[in-house]
Amino acid sequence: MFLAGALAALALGWRGFPVVLFERVPQPVAFSHKIHADKAGAKCEDCHSLRDDGTFAGIPALDKCTGCHAQPMGTSAEEKRFIDAYVTPNREVPWQVYSRQPENVYFSHAFHVKLTHIDCRHCHGAQGESDVLGPARIDRISGYSGSPHFQNMDACEDCHRQRGAASSCLACHK
Amino acid sequence: MPDADSQLMPRGVRRSTPRQFLLWILPWAALLAFGLYGAGLCLVKGLNQTHMDNRFAFGLWIFLDLTVIALGAGAFFTGFLLYILKKTELKAVINSAVVIGFICYSGAVAALLVDVGQPLRFWFTFWHPNVHSMLTEVTFCITCYLTVLLIEYVPIVLKNRKLRQIPSFLVFEFELHKLMPVLAGVGTFLSFFHQGSLGGLYGVLRGRPFAFREGFAIWPSTFFLFILSAAAAGPAFILLTTWLVSKISGKRLVRPEVLPLLGRISGILLLPYILLKSIDTLIWINSTSPARGFAAHQFYAWKPFGAWILFAEIVGFGLLPALILLRRRMRESTAWLVFAASLVCLGIALNRFVLTIQTLALPTLPFDPFLSYLPSWQETATFLAVVAYGVLVYSFSFRYLTLFPQEKDLSC
Amino acid sequence: MSTTPTETTTKSAARPARYGMVIDLDRCTGCGACMVACAVENNVPPARPEATPRTGITWMRVYKISNGAPFPDTRAAFIPMLCQQCGKDTPCAAVCPQEAVQADPATGIVDQMPQRCLGCRYCMTACPYHARYFNWWDPQWPPGLEKTLNPDVAPRMRGVVEKCNFCHGRLHAARARAAAEGRRELEPGEYVPACVEACPARAIVFGDLNDPASEVARLARDAQSFRILEKLGTEPKIYYRTARSWVRQAAAQTEKESAHA
Amino acid sequence: MGFTRRDLLKFSGGSAAGLVFTPVPWSLLHDTALWSENWPGIPQPPQGEVRTRYTTCTLCPAGCGVRARCAGDQPVSLSGVPGHPASRGALCAAGLVGHHLAFCRDRAREPLAHGHPVAIERALAAVTAAIAACGPRETVALFDPRPGRAASFVYRRFLSGLPNAVHCAPADAQPCGPFGVDLENTRAILSFGTPVLDGWLSPGRVLANRSHLRLIQVEAAYSRTASLADVWVPVVPGGEDAFAEAVARALQGGGADERAAEAARLLLQNKPAIALGGGAAVAKLNAILGSVGQPGGFLPRRDFTPATDIATVPDGSIRVLLIEEGSGGRPLSWDLVQRKLVPQNPLVVALTPWLDGCAQHADYIIPAPVYLESLDEAATPAGSVAAGFSLSPALLASPGKLTPPAEFVLRLAQDSASYADVLKDRVTAIRKEGRGSIFTYADAKSTRVAEIASAADLWKAMLGGAVWLDDRLPTATNLRPGALPAPESVELTPAYPLILIAADDPPAHASPLMSKLYRESGLRRPANAAIVHPKTGRGQGLQDGCRAIVSSPSGTFTVQTIFDPAVMPGVIEVAGRTPSAASIRRA
């Protein structure tokens, strides 16, 4: 009986709990990095650019998309849906950011990309080659991202330790 | 029902009727409920419910914590004397001492959880400890020692007449009993540290010249003074409670020689404490404080905290009771004994008050005024809740458990 | 004062900065612009109706002191008080049980991490300057006003301690700008806290005390400059200066008499 | 064999033990702690690219240049414009949080008639009708807090078309008429109650020149300026004139009491020197000091809009009163207004962003935009030695139904032009005259107007943030700056044994963050504080900090007493009160 209880708890704790804890939010548009990289030959920084003041633009605003997709370029139904739903009414796309950090985190892409020359993959994995964007996982309690490729503080700290980079709280918090 | 009630009581001792007991319990329970309401307000609405502020960041609760933990020191010190130094006469009060210790420590921890602004983050201290902080030392030791006390408390509970009937419990209790000396050792070790670091808590505040003290290695002098004072106050408090309980319950609980013994122990420890405290004060007045740009006399220029407070602490509540407790003839008289014991306990409270409250009331910035602070009702209620909780736990333990083994023989 | 005139003026990449201030008390008119600018920059919430001077949050706080003389000989001076960024045995950093406070070796700035803070307020009892503030209430902005918060600083929550960090958000911004230009080192003046920028009297000089050529280092060495509660030995990095002897008396010396001011 | 209670106990015991080895308890601990970082009520700052935009502050006549840091389109902080000729890169505390003003309480959001929503056309019609119904001895008055703006010219044009109309302004709208102060070259100031260091001109300009200024403050109140002046000469209210006379005598070598003699000495040692304040005696002082039309003194400038001090309008004469109220500044006193209105059904229209003040009593309220909510203008910066003009482009999205006061008057005059057109015309005129130069905020550059290609370019430049400053007039003597009326002396009576005077008062409308100054620190006294000398206070049976009732011939009000040995004995200082005899007693 004691064992039975233990096993039951283990099963629920490892299998069931994560399902309950994380909310899965699908992306509003089935965007394919792959296609854009191959067909349009786009590089990361073509869309995810740094501003002059060193801040990072993150996911590009709609006008970036409209630049090419004012009219359907292909024949895919999804593209059509995207244009009808967002481009035509000029509505910003409510993208789910996998790597959205908490408000109190300060991260400078300028520092990591321009000065330290860290490759995008290092943190974002193969996101750039992905063909489909999975749903974002959001922790129901903390409200923070639990998606794959979400860099949590330990990941940052490890890297900073290895490279002897800044270690004070406010170096990465605000 | 009354039958079931008496079934739970230890054999061979008489206890008040359920009716009387209920009447005794009710007011305390009410007080506890009221206090919990106050504490709840602080937890839900935040600490704006208190009268603490940015200048008086610590208030009634920290004073409470420091005081009860000092008084609860009886548990470890009696244990130490009994199990390590084999002072077998103390077997008569060890159970009571353990319960009191448990009450004081659990009460203090509860108060602390209300006192912090983000109780949800309590575990941060264990996960990201700052080893240089006295508070870390306190948190770790108190948590560990509370567990020790819990384990020491268990066998007392398991000795209960009804529970003994379950064989596995009996075995468990027997095993635990063999553990006691070890636990006592561990407990003593832990207690030495956290009692000390509670003293260090203020002793290390170089920003508060009134509290700051030089010391040995990382420990300011208050570290050691606190250990000694707590060790002295513990037995006195047990003496006091034992006397009080026997007065209230109208029974003889321990043999006549036990209380004087406790008194003597307290006195023996109190005298060196007073001596060291006086030396420490002199060093502080003549070197520590001036070196930081503060003439010690200016601390006592603010009413109502004049130099009298220092005098009272050392002479009135230190030297006087020590002398009483060290004279056999006076010890023999219960009146003197109790009087002296209460002086000791009050003295400890006063000492903790001076360190916590007066330190914060005194200005540090040259253009700053003297600050005053009066706790809000929510603070006071929480404070009383801890007291009520103590009384309740003790009452139940006294009714259903064997806190004073000698009571049985004395009562027949 | 660790920087000596003999030190070289070239700022090598290896050498960490030691940011500090010199505040000219003879220039300060107590207008309070620094206090307001600070609150705006650092998303400090406005007072709750119940708030008092002892429960409010003012990272930068201007004290009014007087020479104690009655009418008509009375004179007033204003002393801007902020975290003094103690450089040695930093009292608050030493006592925090969970490393929510630390002195950043790269900048000398004493960091406070509200998200790590337990709210035990031990650091507040440790600070002789009363430069630390506790969030007694949940922060609250009138409707609409929360849209004007500074994106470079995270709002705090109830039950934690906060204090001046030399507008660390501005340091971040300056570093990012430099990084965009491929620089690691900041030029002097690239990074200036809000209070310094806001002061209409230009009473506050800010800079790197480790750079002997900087104006702040030069002024800090000046005979008119002093630090408050210097004898505590915590090496604060905020210097004050005045030519008025009574002001220096009232601000620098710690004898009881001046405590009435 | 069934499932006994003991089994249940064992099972739960087991699951409890098992649970410890799952992530459940640990992630619960972890996540609840994280939740405390962003639990409900903690706001999210705006996202978006950080941009810098420029405008000009219209909260007071100083006309300071403003640099706004915006996240997306949302201004998140304001700061001064380095090198700005009038403000020298500085803003005052209120100016630094000007972008909060739009979110203050007591905003008027739609046209109201006696508290009820009304169409603006109805209001226009009512005013037109009332004007038509004006009797021969009844006047139409328009209260203009800042004469000298393009809006003021709109007002004047409208009023000129009416039989008898007055263009009113506050007494201190143009302290020294068509004159500016050449502060950069002044060496000494003898100030009679002017808050030189606390709101006079622009803080940036005054403090930039403080180091070479000797300041003598003649004032009963222990004001901020008084406390920081080189010399404070406390005189009983009304005693200013006498002291000015004494200094004048001393300057001409005559005998005078020691304080006046010292002041005279200071002025003579530090020339050029000027005297600030009201009254003929002060004007005479300036004549003696030769400070008029000379460098370091009062210099004439080209613009001046004569406007009537509303206090001088005959009582009971105004039939229709239009009150413009700015975003900042001191509101017009309703007591004063009431005295001026005709006894039978006058019509009062408040053109104001606020519901309090005169608006409470007005028949119609026309909601005006506050600072930064719509395109506005700043006239010649206070005390400038040359005429000036700058635009104040909007930084905040304007909520609908707001009408700029000038726009309302334009519609009254059945003028089809909009306020923006009026401002455009002003800019065009500046370009046509081709005098002076503009200072552009973004690059801190000065450009001669003559060198600017077209009026359109000038308009564009000014929309981007710029101030136009006229060429200086050739200095000329034989001029006399207009003088304010001298403060009247106060008659004490047995009933009112004390003198009530004004202490510096908190702004009527300001960002809630001003609480840092007034409530969260002791820096500035709250509005309801009465500051008295301890001797005076105890004499009246008061205690420090006790609540008390102040009564004066004009009424009573409750206050919080504060003892301050710096205050003149026999005097009560209360924020924003006009001097009068008074008594104080414990509440």
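To keep things simple, chains are lettered A, B, C and D as they appear, and every chain counts its residues starting from 1.
The rule is short, and it goes like this: a contact is a pair of C-beta atoms (placed from the backbone, for glycine too) under 8 Å apart; a residue touches a chain by one contact, two chains touch by 3 or more.
Computed from a predicted structure; not experimentally measured.
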{"item": "Distance-to-centre winner among chains (Cα means, whole assembly as reference)", "value": "C"}
{"item": "More contacts between chains, A-D or C-D", "value": "C-D"}
{"item": "Separation of subunit C from subunit D, taking each centre as the mean of its C-alpha atoms, in whole Å", "value": "30"}
{"item": "Cα-centroid distance, subunit A relative to subunit D, in whole angstrom", "value": "49"}
{"item": "Rounded Å distance, subunit B centre to subunit D centre (Cα mean)", "value": "60"}
{"item": "Centroid spacing, where centroids are CA-atom means, of subunit A and subunit B in whole angstrom", "value": "54"}
{"item": "Per-residue overlap in subunit D, given as positions that touch at least 2 other chains", "value": "32, 35-38, 44-45, 50"}
{"item": "Contacts with two or more other chains, residues of subunit C listed in rising order", "value": "52, 56, 63, 100, 115-116, 138, 153-155, 157, 159, 173"}
{"item": "Residues of subunit B whose C-beta touches two or more other chains", "value": "118, 121, 124"}
{"item": "Category of the chain touch graph - line, ring, star, complete, other", "value": "other"}
{"item": "Each pair of chains that touches, named by its two labels", "value": "A-C, A-D, B-C, B-D, C-D"}
{"item": "For the subunit C and subunit D complex, residues of the former touching the latter", "value": "27, 29-33, 35-37, 39-41, 43-44, 46-47, 51-53, 56-58, 61-64, 66, 69-72, 74-76, 78, 115, 138-151, 153-157, 159, 173, 194, 197-202"}
{"item": "Partner subunit D, residues of subunit A touching it in the complex", "value": "1-10, 12-14, 17-18, 21, 51, 53, 55, 57, 102-104, 139, 141-144"}
{"item": "Subunit C-touching residues of subunit B, taken from the complex the two chains share", "value": "46-48, 52-58, 115-118, 121-122, 124-125, 127-130, 132-136, 139, 201-202, 204-209, 291-295, 298, 301, 359-360, 363-371"}
{"item": "Subunit D-facing residues of subunit B, complex", "value": "118, 120-121, 123-124"}
{"item": "Subunit A residues within the subunit C interface of the complex", "value": "50-55, 102-104, 106, 108, 110-111, 114-115, 166, 168-171, 173-174"}
